[in-house]
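In the two complexes below, chain A is the common chain; its partner is chain B in one and chain C in the other.
And then the complex of A and B:
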């Protein structure tokens, strides 16, 4: 804006009454699934239905909703990031900052890629690594425990050995 | 004759209403020929643009005293037409509520995800709510703030509306758009990029 004013609002034109032009408002959506762990053997009862949620961006509530039977939120991210808040009796009980990044996870064949997915799925992988989020290339007790937990939840042979089946399951569960 | 310097939020429609003219009168006035060539679209002006406001033709109407006379002001409403999409897919046949400067309109988006409302030419702000129940989304917008596409503010505004993260560095932002649209990733606001931006945003 040439007068130095900042705005985060969308810009829309006033059209002449006979104009055929339109302005597009497009939202980027990040699919997020709320699952409980462990579920039953086939994973069929994992989705958390009936969660009340809202999304905030730049101080405004930009989206509200309730999860359905699939536990899914099609979360809108505006600008650099948005915050997804879970509500209980109207109060915020949990919040997640979501940033859209063109960077993808490391390959599932690598230890870092496996840890990234375990973290995404809510397994405790500790606080090691450069970002303090547990994602690094070392195997410690927390790494082993998270892998055993995942294998138990997925009814896989539990020996903390990352087989091709486990890699495929990690990819499927994390959605990437 | 006087001159009006465009500020952010002005467009030809709002300026015409402010001085009591039809927008066509100002747009087609000889003194504004340069502006018309430069901008091509009366809805998209740049702050700093100068609009020449002609003197009014004063019309006299003979009217008897002690009688009632009715003068009708010909209204020139404007229009907002917004297409709502998610990941570039129109939100079709969804309930919406559109509020502009305190006036509320409710309805359903059409088969192309379009919402349309008549507005006074000087309307400034709006809020749009789309969807119901399990997923409701809100949009906040300023009217008349679309700047020419070949300016940084104009390009950033369009990209923000299209869902891009406009908090990033301008060249990086343009490259992201160019990558998605399979344009040469120059990071510059070149002619091909401007044309594609207009096509996507609609103006």
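And then the complex of A and C:
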């Protein structure tokens, strides 16, 4: 089950003239949402509007735009990854190397599954782990703080203990 | 350097920044702790007005300047960030000039202009320049100073006296005020008013003996369990002052407090032993100001608070604590095994935390403290 927008994939096939060979280019559109605080409500009054952005893939700028009141960037990820760049007066001031995984989320009963959901919702779990996005099997200060943040935001008892209730809430907010 | 994002499932939310105390280690007067417990704001005192901010809160005494740090949790270290105030009659950005760009350490300074009832301001962090998009918000609360007079009593029990002196307590109360001043509460200690008290016939020389824990021999579960405490706090209390009695030792506690809802002859006041550090005396003063509970005693079904937030709060106990098996919990920003000094500004729902909102309760009591 998903809980909102779906990523979409596009396959662009180019057939060379007088040839049976085809070059296939895989693209995927993924929603990136910039918020001032975490949580899955499509931004509301916490979305970051007015961000100028561009997407760069394989050395070329392939998209540009400005975030609206939902803070959303419908980003094209071409091939293995694309780079989302935030701009100020036309200069790049921040960038994100965006990759897409088509795998389902790990089980919410696992630490990895919990951190995947916290990360998805915007909770700040650090940048450790194999993907550099904080998702790994380590409980550190950032992990505990993010769990506490989630509990406080969800009106759950804030002791950083992942109960069945918290697991259910993570699933409800971020998906199964 | 680009931050890595791996989109799974159907979307990815990015929250670029958060806020944190500007320093680590011991409390510093102009670097108050930031109540960053969640992004929800919780209940608000009647005079706090309304706010659309979702994020951290920080308290600052009116007229003071305080430092706060921006943590670039999910944005490049080099991204130019600027800080602005939505209401400069309430709070202004004192540094950096023009609000930014913030230095590499992310620290900026706020000047608390005035404590207005029902008038809130937001500190906004913007990308690029002072008119750029708002990427994070902090709610500062400005508090006019309430001065509370304190009298110290240096106690001798069966011939053994506290090692504290009237002169040394000047530094103690300075350190206490470093903790309490951001809440707009200042304890005025005049060493010339310090009184010497002598008790004889107590159970142990130099010691205030109590039997509050059921495991202590002689425990009766009656007022007799704290009879020596009651004797001490009723000895020559000075009217219209907070009376703090310093003893050499106490068998069960670093300090013990009855607030002024306990009428005399049972009495009210504070007793602190010599092993109570400045933070612990500040903790007892928080009890006196209508905060009777300890953070970890707020019990949800089968659970006590043992987490990093609880350990950062002034009302955690004990201090220092025994090492946790969870290594990162052993330093929450104030040094190894050392309790923090956060007086909670937020008042989250009781389902989350039953004892927070300490600052608001203390402020109310500080209007009628004696």
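Here is the rule we go by: the second predicted complex is superposed on the first by the 100 of 176 C-alpha atoms of A that agree within 3 Å, B and C clash if a C-alpha of one lies under 4 Å from a C-alpha of the other, contacts with A are read in each partner's own complex, and residues count from 1 in each chain.
Note that in this section a contact is a pair of C-beta atoms (placed from the backbone, for glycine too) under 8 Å apart; a residue touches a chain by one contact, two chains touch by 3 or more.
These numbers were taken from a predicted model, which means no experiment stands behind them.
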item	value
Which superposed partner A:88 touches (first chain B, second chain C, both, neither)	second
First, second, both or neither for A:96, with chain B first and chain C second	second
Chain B versus chain C as contact partner of A:118, first or second or both or neither	neither
Of chain C and chain B, partner touching more chain A residues	C
Partner chain in contact with A:170 - chain B first, chain C second, else both or neither	neither
Which of chain B and chain C A:27 touches, first, second, both or neither	first
Touched partner set for A:140, first chain B, second chain C, both or neither	second
Partner chain in contact with A:151 - chain B first, chain C second, else both or neither	second
First, second, both or neither for A:108, with chain B first and chain C second	neither
Contact residues of chain A, present in both the chain B and the chain C interface	2-3, 5, 7, 67, 100
Chain C-facing residues of chain A, complex	2-7, 30-40, 45-46, 48-51, 67, 77, 83-84, 86, 88-89, 93-101, 103-105, 116, 119-124, 126-127, 131-133, 135, 139-141, 144-145, 148-149, 151-153, 155-161, 174-175
Contact footprint of chain A on chain C as seen in their complex	1-16, 18, 37-40, 52, 54-55, 73-76, 78-80, 127-129, 132-137, 300, 303-309, 326, 328-329, 348-349, 351-353
Partner chain B, residues of chain A touching it in the complex	1-3, 5, 7-17, 19, 21-29, 60-68, 74, 76, 78-80, 100, 102
Touching residues on chain B, where the partner in the complex is chain A	7-8, 11, 13-14, 23, 41-44, 46-48, 76-88, 114, 118-119, 121, 123, 125-126, 128, 133-147, 153, 157-158, 160-163, 165-168, 176, 200-203
